[in-house]
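What follows are several structures.
In what comes next, subunit A is part of two complexes: it sits with subunit B in the first one and with subunit C in the second one.
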Partner chain A sequence: MSLEIAIDRVVGGAESPTAVVGLVGELDAANYLEVIDAGRRLYEDGIRRLVLDLSGLTFIASSGLVALHSLILIMAGEAPPDPENGWGAFHTLAHDVSGGPQTAVQLCGIGPAVDRVLVRTGMGRLFLVHPDRAAALAAG
Partner chain B sequence: MRLADVLSADVLAELVAPFAASPTAISIETIDGQVVAVAGGPARASSGDRYSVPISAGRAGIVGRVVVARRSGRLDPVSRAAAESLATAIGLLVGAAARTARRATERAEREVEHRREHGRIESELALSRRLQRSFVPLVAPEVAGWDLASYYEPAREIGGDFFDAFRLRDRRRSLGLVIADVTGKGIAAALLMAFSRPLLRAAVDRFHAPAEALERTNHILVAERHSALFITALIAVVDVRSGLLRVAAAGHEPPLILRAASGALEWLPVRGPLLGAFGRLDLRERALTLYHGDMLLCYTDGVTDARSPAGERFGERRLRAAARAGRGSSAQDVVDRIVESMQRFQAGTAAADDVTLLAVRRLPARKAEDGSRWRRSREPDLGT
Partner chain C sequence: MADGTARSLTVDAGVDRLAEVRAFVRAAARALGASDDSVVDLVQAVDEAATNVIVHGYAGQPGAIDVTTERHGRYVVVTLSDECPPFDPTAVPEPDLSRLERWRPGGKGIHLIRAATDRLRYRPRGTRGNVLTMIRTLTAREGEEA
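Moving on to the complex of A and B:
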C-alpha cells in the first residue's frame, strides 16, 4: 500500500494562503519524507496554512507523526532537520510544542485507525480537528 | 582521441578517393604529421600552392589536418572548399566519437563511485545494526519465581526499538522493564535510542515509579535533546515478591495481561503523550497484581504493523489470538507463538519496522525454578 499526496491550492487571502493536502493510503516509514518534502515545496510557493484531509488515510505509523509535526515547523517558518540524517538532525532543532494547538496545520476527516494513534501518542493535542474540508476551511 | 581510433585506413582512403584523378593532391595527416590517406597528385608537394585545413574535433581539440596541394599553378577555390568540407566532416566524426567515449568513461566512473557509495552506506548500516543490537540486553536478569522472555528483530533499515530488564539498583525486590520505540528511521533514530536508553534506566533506578521516570526522561529530552524525532516508551516495575505491577506508558502500545486463573486476556489501559514533544506528560500510572501464572506482555508497533504480501496488517486481533493460544505455557512459548504467527502472516514480506516483544510471567506456585530465558533472533556480532 502506498501513499498518494493530492494537493489543492485554495485562495486563502494574502494573509494565509492555504492548501488542502489529501493523504490517501498509508503513511509510514516508506513515505513520510515525501509528505515533509511536499510541505517544504508548498511553503516555498508561499503557502502558510495547511489543511490535511486524512479521510483517505487508513494507517499512520510513528514516522507519520514525525511528518505531521515537521509540517507544523515548516508552516511556522522553521526548517525541520532531515529526520534521517545523523547528528545534524540530532542537534539542530530546539522546540517544545506544548503550547496547545497551533492553527497553521489543521486536520480533517480523521478515521478511527488514525484517531487511535493520535490519541495514544498525545499528538492529537497539537492540532485543531474538523469533520471535513469545508469545515476546516470555514474555520480559517 | 586520435584520428586512427575513430576512422580506419579504409574509410580514410574512401574519403579522399574522389580526388584520385585530380591534378590536385589531397591528403589526411595526423596531428604529428603522419599521412594516413592520400589521393590525386603528389601528396606532399614540396613546392607550389598548398592549403592546409586543421581537423577540429570540438572538445577533443585539433586531431590532424587535410592538405590540398598542386605542384604548379594556383589552387582552385573548389579544391580549397573540398579540403575544408572534408576537414569539417572528419572533425565532426572524431568529435562525436570522442564525446561518446567521454560519456562512457564518465558513466563508468559514476558507476564506480555509486558502487563505492553504496558499499559505504551498506557498511554504515551494518555497523549501525550491530550497534543497535548492542542496545538490548544480552542476559536476562535472574529472578527466582519469574520467567522472562524477549524477541528482538531490527528491520533492515535501522529503526529505533529497544528494551531493557533489570533489577533496580537499591531495590533488589523490584524488577524494572522498559520497552521503547524511537519514531523515524536511520542514524538519527539510532543515536536518539543510544541517548535515551541509559536515561530511562537511570530514571527508573532513581524514581522507582514508572510515571515519574517517564516524566523525568521527557523533561531531559525536551530540555536538552534537539531532534525532530520522538520516543514512545512503556515502563513497568514489578515487585517480585508480591507481584505488584505498576505500569505507565508514553505514547506506547498498551501491554497485554494474561490471567492464568480465568484465562482472561486484557489490555492494560495505560496511555499518555510520547516523549520529547510536550513539556508535561501528566501520565496516569496503573497498578495491579500479577498472580502466579499471570503474564505481562509488552510489544512495539512492529508486531501489529507487520504486513502480509496482500498489504494487510497483523493487527491487535491476531496478536491476541496468538497470545491466547499460548495460555498456560512459559513466557518463551508465548513469545514464540506470536513470532511464528506473525512470520507466517508476513510470508516473507520484509519487515518495515523493528519487532520487539517482552514477556514477564510470574511462575505458577508449584514451579520454584527460575525459568528465565532470553531469545534473540540472532546473536550480535560486535567483533568485527
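Moving on to the complex of A and C:
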C-alpha cells in the first residue's frame, strides 16, 4: 500500500497559518521523503503550523518517525538533514523536550498501530495529540 | 519443530519492495493463527529489519532478501536472510529512553524490532550474509496472560 498525502484545509490567521495534512496508507522508507518534501513546500508557502491527521495511517516505520521529526524542524525554520548525505546525520540529532511538547506540529486521529510506535520510541513526548481534526484546530 | 508449512518470499533489495514484504508477513502470520497484536508487531519488526538490510547492508548495491515464516508451537518465527557484510543487530546497545529531556530520532529501528518481538537471534550466513530470526508469540506476549 502506498502513501497518500492529502492537504485538505489551510486555516488560521496571519499569525498562525495552518495546514491540515492527512496521511493515508503506510509511511515507510520508500515514501518518507515525500512527507518531508510536502512539509518544505508548505513552509515555503507560508505555513507555520501543521495538524497531521493520522486516522488513515495504518503503518509507520522508524523512517516515518524521521519524517515527523523533520516536519518539526521545518516548521521551526530549521533545515533537517539531507537523507542523500546518509542516515548518519539523523543519528546525531537530539531534540530538546525538557519544555514539553512543541506546538508547531500536532497530531490527531492516531490508531493503535501508530500509537504503539510513538509510545515504544518515546516520540509521543514531542507532540500534542488530539482525537480528531476539530479538536486539534480548536486547541490552536 | 515447525508446525505446518513454512512460507517464503524473496525480493530484490529495494525500499520499493517493503510494502510487499509487509503484506507477505501480514498474510502469513494471520494464516498461522497470530492475533492482531502479534501481526502488527511482526510486520513492524520485519519492516525495520528489511529496511536496515536494504539501506545499510546493501547500501544501493543489488541483492536479495529472503523472508521465511513458520509456526513453532505457540510462536511465529520469521527469518530474514541476506548476503550483506556481517552485521549483528542483537549486539547494538539499547537506546536510553529514560532521558526525558532529549529525544533522538536515530537508532529507533532496532529498538522497535526488539520491542515487537519476544526473542531475537542472529547468526552469520556463511562467509558473507546474515540471518536474523524474529520470534513472537501467537497471541499474548511472554509474561502476559493469554
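Operating definition for what follows: the second predicted complex is superposed on the first by the 124 of 140 C-alpha atoms of A that agree within 3 Å, B and C clash if a C-alpha of one lies under 4 Å from a C-alpha of the other, contacts with A are read in each partner's own complex, and residues count from 1 in each chain.
Note that a contact is a pair of C-beta atoms (placed from the backbone, for glycine too) under 8 Å apart; a residue touches a chain by one contact, two chains touch by 3 or more.
Because the structure is predicted, anything quoted here is derived from the model rather than measured.
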Which superposed partner A:D115 touches (first subunit B, second subunit C, both, neither): neither
First, second, both or neither for A:A30, with subunit B first and subunit C second: both
Touching partner for A:H69 - first (subunit B), second (subunit C), both, neither: both
Touching both subunit B and subunit C, residues of subunit A: 1, 28-30, 59, 61-63, 65-66, 69, 87, 90-98, 120-123, 125-126
Interface residues, subunit C side, partner subunit A - complex: 15-16, 18-19, 22-23, 40, 43-44, 47-48, 51, 54-56, 97, 100-109, 111-112, 115-116
Subunit A residues touching subunit C - in the complex, by the definition given at the top: 1-2, 26, 28-30, 59, 61-63, 65-66, 69, 87, 90-98, 112-113, 116-117, 120-123, 125-126
Subunit B residues touching subunit A - in the complex, by the definition given at the top: 157, 159, 181, 183-189, 191-192, 222, 225-230, 232, 251-253, 271-274, 277-281, 301, 305, 311, 313, 352-353
Subunit A - residues contacting subunit B, complex: 1, 28-30, 32, 59, 61-63, 65-66, 69-70, 73, 80-87, 89-98, 119-123, 125-126
